[in-house]
Amino acid sequence: GKNQSNEKTESGTPMKKITFVLDWTPNTNHTGIYVAQEKGYFEEAGIQIEIVQPPDDGAEALVASGKAQFGVSFQDYLAPALTGENKLPVIAVAALIQHNTSGIVSRKGEGMDTPKGLEGKKYATWDLDVEKAVLKNVVEADGGDFSKVNLIPSTVTDEVSALKTKSVDAIWIYYAWAGIATEVKDLDTDYFAFRDINPVFDYYTPVLIANTEYLEENEEMAKAFLDAVKKGYEDAIADPEGAAEILLKAAPELDRDITVRSQKWLADQYKAEVERWGYIDSTRWNTFYNWLNDNNLVENKIPENTGFTNDYLPE
Amino acid sequence: MAELRVENINKFFQDKQVLENVSLSLHNRELVSLLGASGGGKSTLFNIISGLMCPDSGEVSLDGNTITGETGHVSYMLQKDLLFPFKTIEDNVALPLVIKGMKKREARKVAGPYFQEFGLENTEKKYPHELSGGMKQRAALLRTYLFSSKVALLDEPFSALDTITKSAMHKWYLGIMEKIQLSTLFITHDIDEAIYLSDRIYLLTGNPGHITEEIIITEKKPRGEEFLLSESFIHYKRKIIENLEKKLQ
Amino acid sequence: MKKKLQSITNKIAAPMTIAGILVIWELISCFHVVPTYMLPSPVQVIHAFISDFSLLMFHAKVTLVEAFLGLLCGVLIGFVLAVMMDQFEFIYKAVYPVLVITQTVPTVAIAPLLVLWLGYGIAPKVVLIVIVTFFPVAIGLLEGFRSADRDAVHLLQSMGATRIQIFKHIKIKSSLSQFFASLRIAVSYSVVGAVIAEWLGGFSGLGVYMTRVKKSYAFDKMFAVIFLISAISLVLMYSVDVLRKCCTPWENRRAIRK
Amino acid sequence: MKKKLQSITNKIAAPMTIAGILVIWELISCFHVVPTYMLPSPVQVIHAFISDFSLLMFHAKVTLVEAFLGLLCGVLIGFVLAVMMDQFEFIYKAVYPVLVITQTVPTVAIAPLLVLWLGYGIAPKVVLIVIVTFFPVAIGLLEGFRSADRDAVHLLQSMGATRIQIFKHIKIKSSLSQFFASLRIAVSYSVVGAVIAEWLGGFSGLGVYMTRVKKSYAFDKMFAVIFLISAISLVLMYSVDVLRKCCTPWENRRAIRK
Amino acid sequence: MAELRVENINKFFQDKQVLENVSLSLHNRELVSLLGASGGGKSTLFNIISGLMCPDSGEVSLDGNTITGETGHVSYMLQKDLLFPFKTIEDNVALPLVIKGMKKREARKVAGPYFQEFGLENTEKKYPHELSGGMKQRAALLRTYLFSSKVALLDEPFSALDTITKSAMHKWYLGIMEKIQLSTLFITHDIDEAIYLSDRIYLLTGNPGHITEEIIITEKKPRGEEFLLSESFIHYKRKIIENLEKKLQ
């Protein structure tokens, strides 16, 4: 940020620099940010934005450290960061996608179209407690026995290849990217989404997070930032193909087919049925964290209404 | 009966000739020295005789059998002492026996009795770097001796020894020559040493090097120290010096 | 007397330096120069280490087994390659550049490919460790073999020694010191390699532990495991030094003489 | 004549081997011994390379700048450390073990911490490259300085030479050959280090490219960038060799003589 | 006037004494040799005189000034030739001048004219490994000479030279000694060399080493070659050999 004060808007007011960390590589979850950048919404708000790609362990610590002001995270990832010894000064300020679009994908016709079908099959796990608890819950809800699922360590960096080579039978994916990728690569799959099995799992993922100290000290700037982001996402909803082009321009390394199709698929998911972009429903947020509390999946209980705020969202 | 015969050896390194028509012979139980300027090709000739190098033309034969380019027929002590730093002295000297197929323990046993004779008592378990320069050279000599070929090639074996040890080694070497069936071809820069030890001396001079003189030392062996200070010794020495200087001009 | 004093000073120099670094670090943490989640204090790290001790040991065992297997294969392959390159000039010319190329490929980039090809068992981990360890061993041995004095080889040749005898009596011994220097590097690589390999997935191993504590933002545990890995490497490297001393008695005596 | 033939054989041995590997690989892909999504064929990789050429060059430039800066700092720091350790026994005793410890810490583990401490700019990348490069340089130089013949030092001392003169006339020159050997390693480390550092985040560089194509399931591009990285390392290593030849004329002549 | 004076030097390595009460003197323009068994402490004595080592007791003085433990006062040619492999011959020989603060170019210019005199023509731009052993030793000698101290310590300077070159160097060295104000202390194993070159010879023998004999060679300088083969030469030689052998028993 050494040239922070040199940059000026056309009207002559100094630009404020904001660093925004993605959760990992750029993808269609992030399109709105890139659209807002491309269309100059940030500039209009007096913001000079820098979008960075983080190490593969995510944005939370970076936002907490103040190296970035905003970033992308997930409600489940955020849980250990909200209480206890490892508490980080971060908070979710907007939902990037209204509903949890993740689920289990498998090769078509091998009986894994419902959770019970996972019995006796190889599921690639990250071996995380929350992950296993979610899976156990849905398998049992479907009348299955989770102990019969063959858990193998997840070494999956490429879901499509992993399924094709049959090194695994089932993988947890976000449909918008990996799911679309299976379609593009002509892999016939079965898929079920967690939120369809148990509404508790309709938690917020991904979410836009911010550094709490920054928010306190720069309330107006934060609001202006989120307003610009909102405009970006609403443009992406209105014109998926145009938005995909903008994303591809920013990250030309991405696969064009996957990006375009994913963009079209996500257009209906960013806001879904909600009127106000980015709104986080306290009931759905609390329901999931309460489930974590009740199942002892967090070291310290997470109190109600912790870890998110709608205060900075545009109306 | 002639033991070793070298005939019409020519040797080039790249385009440069270092040996030209070199012929010499070494008879049974004889000690023959090679004297000549540094870089004259003496070590090269030894490499050829020992079979390490092939001459470009010419022949080496031992007891009438051609051994040109064949190794393993003669004992060779190279110009450096070349003891292996990672072997104890006893394993260093016993090496030729081990190479010939003897068990290590047995080889050590065979080598053992010679340590005293070579002035190497109590060095059996030491490593070369723990020895003085002279001791190292004596150990290398013992190793050469244990190779037990009938012909030994020694490339400046005594050059690192101090005067006293050197003259002791001279006497000892003449003694051992009396006792065993060993013929020795010897390189040295020390004219006194050459006269004192040799039956014959070849002068290898010129560029390319060739044999320009053969001097026969008629003094009977074993030779006493008084020979070193005798009239005839000085006569030989003068002759050699004159010859070498003539060749230099 | 003066010498003795100096020898004591020398011995405590390194521990003192390390202690100094730790104290400064603790002070930085105490006075909150940087926040805890950015840099836990040494005391916190030690605390984390103690509280997770048995878990760490469990994971360490797994990592060590992988590292050992990988190192073993790496050393064997390195040895065979070095012998072949030493004995056959043509193999040297053909293989050496290819080996150099293998080392310019970033390990972390091929790691996921290895999993894709070899599955999720121990195989990709061992292969990864082999890739990072065989090269220093092969190069060290090869240089060692070549360091054998040419005249020494000539001497043995003049005695009529066979290739194998020359190899046994000169080359092996001449290469030992270089070999152990390389092994020291390879040992350290093998541990780091095992950790990286475990990131690829698995249920146990220090790499797995590391990814997990990272996910729970437990930076104290993160440092604890980094230090453990470092300590393991150091202990193993020290063991190699001890082994080297046993195998090269002539070097020791020389050192004493100095 | 025979020599000339041999020299040609030697020169083409490595290219031939590499060509052989590529042909076998292409055949494996052609006959679908392994599926394309597990191993793209060389032709596919070349195609990917050509189609993304300008993008790759753009990223490569960024990576090279980082690698160069990191290497420069690494070499400077390594040099200073080596000189200090050579001149002051106490510093050697105090610092050397600490340096060894720094090398047992897995780079990839501290990389995220560096970003946390130093932010996204070029700083954490350069620091990471410094961490991986300064050590071989320092060790190489130190060993080089120490390889200076003790008697040669004595000779200069007997002439009344100062420490600086001894350093200039003997130590620097004695260390050059070791220095370049280390630099060769450091150069290769610097490129791989830059790539790893870029995974930590940023906007551009071959590491960023790599993560993105991986997420796009583009294995052909993945291989293309791996090969590009490898090629860059090789070219840089070759440059070091050329530089060494220029700086150590006495070694060349010796080589010719052999 | 006495140039160099060494008094009551004692030197221990760890617990082993290698020099015991060694005293000697070297007068203006004198050439004095040290003869003695290998490992007797001769090189150690030189290290002490040159200031590289400190004696455990005793004093070294030059023209009446104590120089014990001080370097830079005498020219020292070490036992090995010790040319720097990474410097050309001209830079090697010019080194003492550069050390004294001369610019490199200037130093080369100063050194240039001596190449012919030392038999080193056309080697200026070569590296040491491209020279023969003898040439290397001559180059080292030239370097020592260019240090231009009034006192030179030479540790076996001619030991690697072949006989002819060696005797040519002897003559040259005696010649240069006549021309310049140089005093030389000389270590050799070659008794002939010592007698031919020296004004006086010290025998350093025993364990720990001490001076057991001082032999004055009265033959006038410059000496011709006939001295080598003269009655008096043999007389000196016999005396030295007897002395050395006596000390050995």
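We call the chains A, B, C, D and E, going by the order they appear; numbering starts again at 1 in every chain.
By our rule, a residue touches a chain if its C-beta (ideal position, glycine included) is under 8 Å from a C-beta of that chain, and two chains touch if they have at least 3 such contacts.
Because the structure is a prediction, the values reported are computed rather than measured.
Looking at chain C and chain D, the chains in contact with each of them are A.
Here the CA centre of chain C is 51 Å from the CA centre of chain E.
Chain B and chain C have centres, each the mean of its CA atoms, that are 49 Å apart. Note on chain placement: the centre of chain A and the centre of chain C lie 39 Å apart, centres being C-alpha means.
Chain B and chain E have Cα centroids separated by 30 Å. In chain E, no residue reaches two or more other chains under the touch definition. Touching of two or more other chains is recorded for residues 38, 112, 116-117, 199, 214 of chain D.
Residue positions 57, 61, 65, 157-158, 161, 165 of chain A are each in touch with at least two other chains. The set of touching chain pairs reads A-C, A-D, B-C, B-E, C-D, D-E, using the touch definition from the header. Put simply, chain C touches chain A in their complex at residues 35, 37-38, 112, 115-116, 119-120, 124, 200-203, 208, 211-212, 214-219. The residues of chain E lying in touch with chain B in their complex are 35-40, 132-134, 159-167, 189-192, 225, 229, 234, 237-238, 241, 244-245, 248.
If you check the complex, the residues on chain E that touch chain D are 47, 50-52, 71-74, 76, 78, 80, 82, 84-87, 95-96, 98-100, 127, 129-130, 147. Across the complex, chain A meets chain D through its residues 19, 21, 24-27, 50-57, 61-62, 65, 67-68, 157-158, 160-161, 164-165, 177, 181, 185, 251-255, 258.
Considering their complex, residues 57, 60-61, 64-65, 77, 80-81, 85-86, 88, 124, 126-128, 152-158, 161-162, 165, 167 of chain A touch chain C.
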